[in-house]
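One chain, chain A, appears in both complexes that follow, with chain B as partner in the first and chain C in the second.
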Partner chain A sequence: MEAFWIRSARIWGVLALTALAVWLGMVVFYAPVEKVQGVVQKIFYAHVPNSLPAYLGFGLTALGGLLFLITRRESYDRLAQAGAEVGVVFCTLIVVTGPIWAKPVWGHWWVWDLRLTATLVLWFIYLAYLFLRAFAYGSDATKTFASVYGIAGIIAVPFVKFAVELAKGQTMHPDDPAKAGLPAEMQFTLMAGFIAYLLVFAYFLSRRLEIAKLEADLQERLDP
Partner chain B sequence: MTGARVAAAILRKDLLLDLRLGDRLGQMWVFAALVIVLMSITLPAVNDETRAWVPALLWTIALLASLLGLARSLQTERDDGAIQQLVQVPCDRGWVFLGKVAANWLALFALLLWIALLSALFLDVAWTRAGFEMIGLALLGSLGLAALGTLLATLASSSRFAQFLLPVLLFPLMLPILVWASLLTRDLLGGQISAAPLWGVLALYDWIFLLIGYFTFNAILED
Partner chain C sequence: MSYLIAAYTIVLASFVGYWFSLRSRRQALLREAEKPQSTGPS
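Take a look at the complex of A and B:
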């Protein structure tokens, strides 16, 4: 599985670049300017598609961690680490692009709303995962500990969402785009964004796995 | 030696250490007292409007104070090189985790009682209105904090920056317990009947992290 990802990195890269170019063209020339929010609404196309790669990355972290604890195969630990790193990149983009849209539309950079708070906590959980890996002594224990935290993190996510929902009540965040009844041009542009971002995710993941594999091979040669 | 006996032996050993040395409990209690006194001086007097904030404030103080005790959960064993003996226990090592959680649970429950006393003195919190349900809530809240804290303190202890890492790991995962415990405390102090699902979900969250700790502690201690 790891070998497949590493071998296919270039293909993912070419596909991702092409899809990004198409998506960007659609955002600028094809998607209409929204009547109420104006051009600011176009941030939506760069914001919403980040969610799927972020969740996918964190899912892979938990899955890789669980499989590592069961089988002790290093490749699963590398998958978990790569998933977290790439997931955090996309989650950071959610946290950054959201306020850029929110300021002109809501009048505030940040509100302690259900969706925003749950996403922020999710970002903190996997940032903590990366800290755990970065600041540990680099032993085998780090892999085990990080696996445990990766699993604990994904289990906590639905509870965090539920807890925030109970505490904050209603959400100001716009509804799921699929349910929002968008015009066809907007829906197609958004769909193109999802495809492009998923391809970028696949490219980043394959490159990160390649680097991790090279590091592991080098370590084995230095310390056989 | 059965697992339950191992857990009981670890609980007994940790309780004796806590009672004889007193430093772990002492640090948590002094820290909590200082923060409550500082809050009492710097914040405006508690009135009907601001009273709703007090439960969240108290649970947050408990969380911050607990860091001092949790960080030292496995420290004695590490300092004395006793980790090797723990690894060799003749049973599933998950029982070591349960023994440690039980010791931390009692220490954190005592901390909550201490915070309740101080808040009654300095912030006029009328705990008698909350009734015996409040004791149940304190037990559930401290159990969750003990389970998560013991697990994460063990993970953080492998790091060069353990003191920084423990809160970074703990706070995001503690958020549900903090939110539910604060909501339930507010309801109980207000004399309201709190929602039953909240109690259930709090107990479920505690249970999940007890299970995660129990099943992964084998691998954690091995490494």
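Take a look at the complex of A and C:
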């Protein structure tokens, strides 16, 4: 599985670049300007699609951690580490682009409502995972602890996903776009964003896995 | 309009920045892997 991802990196890269170009073209020329918010609403297409790759990355961290604990195979630990790093990239973009959209629409960069706070907590959880991996490199105990931490952290994902429902209307963040009854042009542009970001995610993940494998091979050569 | 440009610039610059970081790390590791293996003190 790891070998497949590493070998396919270039293909993911070409697909991701093509999809990004199509998505940007759709944002500029195809998606309509929203009547109330105006052109600033188009931040929507850059903000929302970050969610799926972030959740997927953290999901792979939990899955890789679980499989590592069961099998003790290093490749699963590398998958967990790669998933967290790429997931944090996309989660950072959620946390950064959200306030840029919120300021002109809500009048505030940030409000402490359930969805925003839960997303920030999720970001901190996996940022801490990356710090753990960076500063406590290598030992089996670190890998075991990181696996358990990565699995425990995934609990935050459904909490973020369903935060708007859980808040029962006490949130400024809009609900799931699928439920909002968007016009077809907006839905297609959003869909193109999800596809483009998922392909970018696949490319980053494959390259990050390759780096982790190269590091492991070098480490083995230096310390057989 | 400036908020819109800022958001898209940050997203695209982050993608390029992370891609560049991955590329640099990968190339450094490949260079390291190509170095002949030491056989210890002669």
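To be clear about the criterion, the second predicted complex is superposed on the first by the 208 of 224 C-alpha atoms of A that agree within 3 Å, B and C clash if a C-alpha of one lies under 4 Å from a C-alpha of the other, contacts with A are read in each partner's own complex, and residues count from 1 in each chain.
Here is the rule we use: a contact is a pair of C-beta atoms (placed from the backbone, for glycine too) under 8 Å apart; a residue touches a chain by one contact, two chains touch by 3 or more.
Remember, predicted model here, so these are calculated numbers, not experimental data.
Asker: With both complexes overlaid on chain A, does A:V121 touch chain B (first), chain C (second), both or neither?
Answerer: Only chain B is touched by A:V121; chain C is not.
Asker: Of the two partner chains, chain B (first) and chain C (second), which one does A:F204 touch, if any: first, second, both, or neither?
Answerer: In the superposed model, A:F204 contacts chain C only, not chain B.
Asker: For A:V96 in the superposed arrangement: first (chain B), second (chain C), both or neither?
Answerer: After superposing on A, A:V96 lies in contact with chain C but is clear of chain B.
Asker: Applying the touch criterion given at the start, work out whether A:L166 contacts chain B, chain C, both or neither, answering first, second, both or neither.
Answerer: Only chain B is touched by A:L166; chain C is not.
Asker: Touching A:D217 in the superposition: chain B (first), chain C (second), both, neither?
Answerer: Once the two structures are laid over each other on A, A:D217 reaches chain C alone.
Asker: Looking at the overlay, what does A:V40 touch: chain B (first), chain C (second), both, or neither?
Answerer: It touches chain C, and chain B stays clear.
Asker: Quick check on the output: what are the common chain A residues between the chain B footprint and the chain C footprint?
Answerer: In the superposed arrangement, which is not itself an observed complex, chain A uses no residue for both chain B and chain C.
Asker: Name, in rising order, each residue of chain C that touches chain A in their complex.
Answerer: 1, 3-4, 6-8, 10-11, 14-15, 18-19, 22-23, 25-26, 29-30, 32-33, 37
Asker: Where on chain A is chain C touching in the complex?
Answerer: 20, 24, 27, 39-40, 42-43, 46-47, 50, 89, 92-93, 96-97, 100-101, 103-104, 200, 204, 207-208, 210-211, 214-215, 217-218, 221
Asker: If we count contacts the way the header does, which residues on chain B are in touch with chain A in the complex?
Answerer: 151-152, 154-156, 158-161, 164-165, 168-169, 171-173, 175-176, 179-180, 182-183, 198, 201, 205, 208-209, 212, 216, 219-220, 222-223
Asker: Which stretch or stretches of chain A touch chain B in the complex?
Answerer: Going through chain A, the ones touching chain B are 69, 121, 124-125, 127-128, 131-132, 135-137, 139-145, 147-149, 151-153, 155-156, 159-160, 162-164, 166-167.
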